[in-house]
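Please read the structure below before turning to the comments.
Chain lettering (A, B, C, D, E and F) follows the sequence in which the chains are written, and residue indices restart at 1 in each chain.
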Amino acid sequence: MAPTKGYAPVDAMELPRFSGLRTFMRLPHVTRLDDVDFAIVGVPFDTGATFRVGARFGPEAIRSSSVTLRPYNAALEIAIFEVSSGVDFGDLPVVPGYLPESHSRITEAAKPIVASPATPIFLGGDHSVSLPLLRAAHATRGPLALIHFDAHSDLWKGYYGGKDTHGTPFRRAVEEGLLDLEHSIQIGLRGPVYDAGDASISAELGFEVLTGPELHRQGVPSTIEQIRARVGDRPAYLTFDIDFVDPAYAPGTGTPEVAGFTGTESIELVRGLVGLDIRAYDVVEVMPAYDPAAITSLLAANLVYEFISLDAIARRKR
Amino acid sequence: MAPTKGYAPVDAMELPRFSGLRTFMRLPHVTRLDDVDFAIVGVPFDTGATFRVGARFGPEAIRSSSVTLRPYNAALEIAIFEVSSGVDFGDLPVVPGYLPESHSRITEAAKPIVASPATPIFLGGDHSVSLPLLRAAHATRGPLALIHFDAHSDLWKGYYGGKDTHGTPFRRAVEEGLLDLEHSIQIGLRGPVYDAGDASISAELGFEVLTGPELHRQGVPSTIEQIRARVGDRPAYLTFDIDFVDPAYAPGTGTPEVAGFTGTESIELVRGLVGLDIRAYDVVEVMPAYDPAAITSLLAANLVYEFISLDAIARRKR
Amino acid sequence: MAPTKGYAPVDAMELPRFSGLRTFMRLPHVTRLDDVDFAIVGVPFDTGATFRVGARFGPEAIRSSSVTLRPYNAALEIAIFEVSSGVDFGDLPVVPGYLPESHSRITEAAKPIVASPATPIFLGGDHSVSLPLLRAAHATRGPLALIHFDAHSDLWKGYYGGKDTHGTPFRRAVEEGLLDLEHSIQIGLRGPVYDAGDASISAELGFEVLTGPELHRQGVPSTIEQIRARVGDRPAYLTFDIDFVDPAYAPGTGTPEVAGFTGTESIELVRGLVGLDIRAYDVVEVMPAYDPAAITSLLAANLVYEFISLDAIARRKR
Amino acid sequence: MAPTKGYAPVDAMELPRFSGLRTFMRLPHVTRLDDVDFAIVGVPFDTGATFRVGARFGPEAIRSSSVTLRPYNAALEIAIFEVSSGVDFGDLPVVPGYLPESHSRITEAAKPIVASPATPIFLGGDHSVSLPLLRAAHATRGPLALIHFDAHSDLWKGYYGGKDTHGTPFRRAVEEGLLDLEHSIQIGLRGPVYDAGDASISAELGFEVLTGPELHRQGVPSTIEQIRARVGDRPAYLTFDIDFVDPAYAPGTGTPEVAGFTGTESIELVRGLVGLDIRAYDVVEVMPAYDPAAITSLLAANLVYEFISLDAIARRKR
Amino acid sequence: MAPTKGYAPVDAMELPRFSGLRTFMRLPHVTRLDDVDFAIVGVPFDTGATFRVGARFGPEAIRSSSVTLRPYNAALEIAIFEVSSGVDFGDLPVVPGYLPESHSRITEAAKPIVASPATPIFLGGDHSVSLPLLRAAHATRGPLALIHFDAHSDLWKGYYGGKDTHGTPFRRAVEEGLLDLEHSIQIGLRGPVYDAGDASISAELGFEVLTGPELHRQGVPSTIEQIRARVGDRPAYLTFDIDFVDPAYAPGTGTPEVAGFTGTESIELVRGLVGLDIRAYDVVEVMPAYDPAAITSLLAANLVYEFISLDAIARRKR
Amino acid sequence: MAPTKGYAPVDAMELPRFSGLRTFMRLPHVTRLDDVDFAIVGVPFDTGATFRVGARFGPEAIRSSSVTLRPYNAALEIAIFEVSSGVDFGDLPVVPGYLPESHSRITEAAKPIVASPATPIFLGGDHSVSLPLLRAAHATRGPLALIHFDAHSDLWKGYYGGKDTHGTPFRRAVEEGLLDLEHSIQIGLRGPVYDAGDASISAELGFEVLTGPELHRQGVPSTIEQIRARVGDRPAYLTFDIDFVDPAYAPGTGTPEVAGFTGTESIELVRGLVGLDIRAYDVVEVMPAYDPAAITSLLAANLVYEFISLDAIARRKR
């Protein structure tokens, strides 16, 4: 292997990839982030789920599937650990069954991570966790452009009398001014909704929207251009709900929607964002109990790998 | 939710989607169809299956996967229950292990449904059930154009000495004059057959045929045009064998064939039929014992959802 | 089939057991309980779960597995529906992700059921639901003796700073005076606990306790005698956490504990309670996502069947 | 390995047990039975199944699980292939979906096997196949004592208007005089039935009956004595429905019943029959689609192994 | 069925496809290859696997999934058994746990097969088996052009100090001069590698390379042209690692890589090679323990079917 | 929680048990063993497996299932971490596919662990790993009495021409003088073997043997006495092959044998060894790919928990 800058994975020539503790990519488990460029951080919380549950085991599954990832990204031509020092931070504290308190704990625990030199990459957890993570990000960085891959807008006002769930985080984020809406975009929305108003709410709130059918029509290259044009040079937060992907590629999720996107399209879309100024990432809604062949967590691990690669390229340029 | 015309699903804001009895979309279970626009009807019969068996549990699985469907179809811009009153009729009577008697019972039980104001949408069961359903449809409506999505032509003369199976229903339907053959079309045929005659029989019997490889070459939009041109304004019966879909998207079926179609293509093909005069629908060959992540039944439920949407659009226009 | 008193299952000679909607035993779905002797009631709530989650799908799974149950209990020699009229009430309202509010709704919805002539049999849901159900029972019936089958005492003060979870319901019930402690008993406790205090808390709070190892040593007949002696003629509430059973027999649960009991032992223990004055029952913690062969829900359905049988025998005697 | 008499398995020291074609125990596939002592014969028919289906794949699964069986039965102290020459005959012809015709074909194909010097051991298929097999056995051997392990009596008159299914074979066998009823016994019956008449019909028809609860009470050694006393020295047919076994040990079956027997009890019961004059055996209702860890087919393969051992011991004595 | 030339599958009209022993396509099990045109040969060896293991069960799974294949390939318009006589040879001898010895045994056992008139089609096993198979092929035929479908180049020098694994076979083949490198091509390489050198090694060693991203960009028809141009009229060996395919279509493999190819693309690529002079084929890395719906082995069986078809077309032309 | 002596698990009241990295019991990952009382050590090697493979993933699965274990063993009345300081050492180095070299590496890496103050508890891996572990133990401690729970004696001379596999470790250990044979015992042997010699070899080599049928007959308490009498006060090595347990309780293993023991019996047997002088432990042959409900790894984790408890009790006494 090539020389590495700082923290790097266990060498697979020394210890086979099936051995050792399951940190992400078998990176060191480190919680002091002074000399770290990216940190993988689990957020095992799923009390916000309104249908299937179990994304609390998402971080474990993604870490388990990540051990086959190797350090050189040939498609992006980046030797990650020559540029970046990366660690697995472990998990943020949560209180299962208690959303408001968990969200508070997540925000508080995420603030120093966001404020550190490391780019955080969060592993959900249900999509409700993006809200406390955005709050933490906002505390340090102010409003961020949102790059949001998802089958659902997650902009509902609330279920069952106003409560927060995994269907509401970005409504709250808009209300709280956490987002740089003019540069935010939702990509891949599709599937049945409650009424016509649901279908138009994203645009009304100020997001640019690219629905699933539109993405199918225009294809990946145009979509990349559209996202890049929208986000521009603004600091951004990228959130990737695994149900953006078709159930054939990502069965292990809470509210799968048919007519989604392939793994190839998903990976290519992320790669296409090279050069954007993304300050934090999350991938959410991976649910291993519904993922009998573990292809969902494998895809999620690869998306994280592309996030790491984008971040390393950005650092190389600086 | 918007106001509804008649029977409509349980409101998910009142009762979460994982609660309550598993009717399709959590519609009321009603068997009197006077003021009903569409009726979901199970046909849990699989004695016609010649390889894997178990489609008798197809209706249960499709109903279970349907509970996440919401009432507004954003792609087709239709608020279904503002236009349509829909119910789950329950299942037709069958005698497991006895094909001829079951077919008789199915035909007799389906006749009043077909004759009612409601558009029936049948959930198989193996593909043999389309024959008694076509007999019932013919009794009221005369010959119908067949829109047939399938990997197989199901036109064999019979296995093992002339017997009816799930490979023979449309041969019988042709022989009995149940179809408006000049306006009928088979889409997606592929996979190995017994001999060259098998490959040409559809055309010889009078069907227009679009094989799987042809559909892959010409794409979805042209195919939609071809189907629409073939069917024209004739009253039609749409039958969808889930093995039209590729095993990656629909593993839970009896005789899967590789090199099939994606979920997106399947949904788009159905949406493209908007405006045709379809009098009855079925989706068949969903087999939950081979569907470990339940993605097959989820896709089938979504196909039914598109059938409901087509029907509601037709009613809105009247 | 023999003549039946009132509501009874669909006749399997008319409609095969795999057909029709999945109510418990294919009983009528009825919510008016005037002339009903027992009512099956789902409580699909699992926000109290502290490890694996997904018991919200327990009622669906138990109902699905119940369709093979037939009306004559040969072991107890009771033709259930000659004596009892039984229904499936459907599910109680819950708010996923919100324990306090859900518990309130459950209590309110359960009160009229408990106050009706029907004996309620609740299908969980995680074990936290026993608390609001006991509150409802207490409102009508006053303190009840608790017959509690479980691997865990569920008497923790609370996790993570005092919160209610599925590990705390009976602590709360004791504190609120819902139980007739002098006649209450916990059976089957086993597995690692936090400290020595955990192991003695049941007795300190006033329960009689029969640990798992003790039950293994003394056997089923002595245990039945011990329970009967403890409960006597007091009105009782029976709660059965499926993790009482060994993981080989009940893998589909949230916190399985090895060295548990067999299905046979479980069924025999319940049958041995014939003649006790049990006013309400629940079976909880069935989690179908971890039950690949559906044997857990099958066993739970059979336990409910024995509950129904005990109730019918009690009614026959009156 | 020790010298062998005739046909014997592939030597695992030469070819690992995971290699080669999946005949039972990797025995030669031979259909001429002149110099054969036992023959394994598949009967892949399941159209008689009234609930779950798929036992047509039972023979494939049992063969696949049998490859780890080795030639010396230490418990019974018999080196099978020093005494016996054994083969895998392959499968009998069936017509899926057509019970009467399949039963005819099975009977005709089984007759020469039963009449050969080889002891046949049949692998079902659903339990309806025992009827045509008994017809074939009767044609050569006259009435046979039935040793019947099962959760169900399979003595129903017929479902849905008199039809044969897997719940009726022994009623038909009694009616046709195929059984030596005075020496026949049913062991393990349990679970809910339709009415009190169902529970008593076995005895009324002339069988000795040992219910599941009785067997649990009296234990294996007394049960062995009871069976031996009943059968005496009469030529017998042993039929083993895998649902005799508890679902924890045999989940992969069509109508599992809780409170069944362990694998150990099952094996010991069969071993206890050493010395009886058993002329033919079957094991039925193995359904691999519901057997995710393949423990059901493994147990079935081991039961067959014990049948082979009993037969070899009998031959050694002659 | 049409008349057949020699050995041919069991007629599905006589014996249903779920019956009989699991040879490939239910072909006769024959090891003398004098009058045979193609032979299916299992190589159940997986000791070369560096991550997941279990491809030793690949041949069993592919054979099991092959039984639904019918003799006429409609896409290529070839009635296979009118032209070809085909058999299932069984498996080659291996010693699990011992790579060098197993490779020797495989080579020795494969040599007479390669030298026979039959075209061999090998079923792996992990990819290390291609090395001893190429050695056998080379012994008779000299260097062969390699047509290599794979996510990985399998050109590593060795893991853990120079050892052979499934990641090294083609490095060894190059070193030993087994390949006609000027006409060899690797197709589909993708996924993370160790360093930039890994990404360029194929070209440096002399292969033409078409990476996964390149194939996604240029599409199937151009790729077919590129392969045909590279291989020309040279005698070739085609090796197909199932991880060429996307995990959605082929989850059951040892080192799945996201962003792969669909089943349709895979089948079309193989069909596009009609007319090339391919002397031997293998499909490797099918791992049934990770293939819960058996779609991987089904796709592998279909790839073999296309290999057989290519071979039959070549024979028809001669 | 009670005060702890040294290294102890993460507090579940602080961080829920589903969060954090998967070390055993969420103990600290520490490789310096100076002040450690017990160390959990993975040995992810499975190249010795002769049938199913995949035990290399055993340590990951056991660690994942261990997170629900709590620190007080109520059955043995021991607060583990008041007495013991425990860590997860991580995994020993292995070379997949190369048994001799891996065994060497394992021995070398295990030697300092065995020589440390910590009691090692090894997680296999296939059973071949016990051989290099015994070599390491012998280097420091001399011959140890072997307490061997297993369905198989693992005393074969070798497969396929003398090679070491998971069926041979204890033959080698005897040959190399690693064992204190006079005080060694094998418990639970059962299932078919190759010939009569296999059944007697254990006794011939000097082991005391308690076969599976004998253990079933004499029961757990007598067996505990027998083991204690045999081992006496000699320093011992306990090896537990998970296939000692019945497949219903431990399906996830490589060569399951029916008629095994329950989880309860297994746990009670281990508890019964309290007070023996056991210097090292292993649990082997856990194979998660065949363990769909993860009950095998759960049982293995609990066995390890009992080992830890035995060790803590021994330390308390000193």
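Throughout what follows, a residue touches a chain if its C-beta (ideal position, glycine included) is under 8 Å from a C-beta of that chain, and two chains touch if they have at least 3 such contacts.
Predicted model, so just to flag it, every value in this text is computed and none were measured.
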(message) Please report the minimal path length, in steps, between chain B and chain E on the chain touch graph.
(response) 1
(request) Report the chain pair from D-E, A-E or B-D that duplicates the B-E interface, where duplication means over half of the contact pairs agree by residue number. (result) A-E
(message) Roughly how far is chain D from chain F, centre to centre by C-alpha average, rounded to an integer in Å?
(response) 38
(message) Taking the mean of the C-alpha atoms as each chain's centre, how many Å separate chain A from chain C?
(response) 40
(message) Using Cα averages as centroids, what's the distance between chain C and chain E in whole Å?
(response) 55
(request) Check each residue of chain B and list the ones that touch at least two other chains. (result) 16, 18, 50, 52, 56-57, 95-96, 159-160, 246, 248, 290, 292
(request) Classify the chain contact graph as line, ring, star, complete or other. (result) other
(message) Show me the residue ranges of chain B that touch chain C in the complex, using the header's touch definition.
(response) 14-16, 18-23, 29, 42, 44, 56-57, 59-60, 63-64, 88, 90-91, 93-96, 292
(message) Considering only the defined contacts, which chain E positions touch chain A in the complex?
(response) 50-52, 159-160, 190-196, 198-199, 211, 213, 216, 246-248, 251-252, 255-256, 258-260, 290-292
(request) Show which residues of chain E lie in contact with chain F when the two form their complex. (result) 46-50, 52-54, 56-57, 95-99, 101, 159-161, 163-165, 289-290
(message) Please output the residues of chain D touching chain F within their complex, sorted ascending.
(response) 1-2, 12-13, 16-18, 68-75, 77, 79, 246, 248-249, 262-264, 267-268, 292-295, 298-299, 302, 305
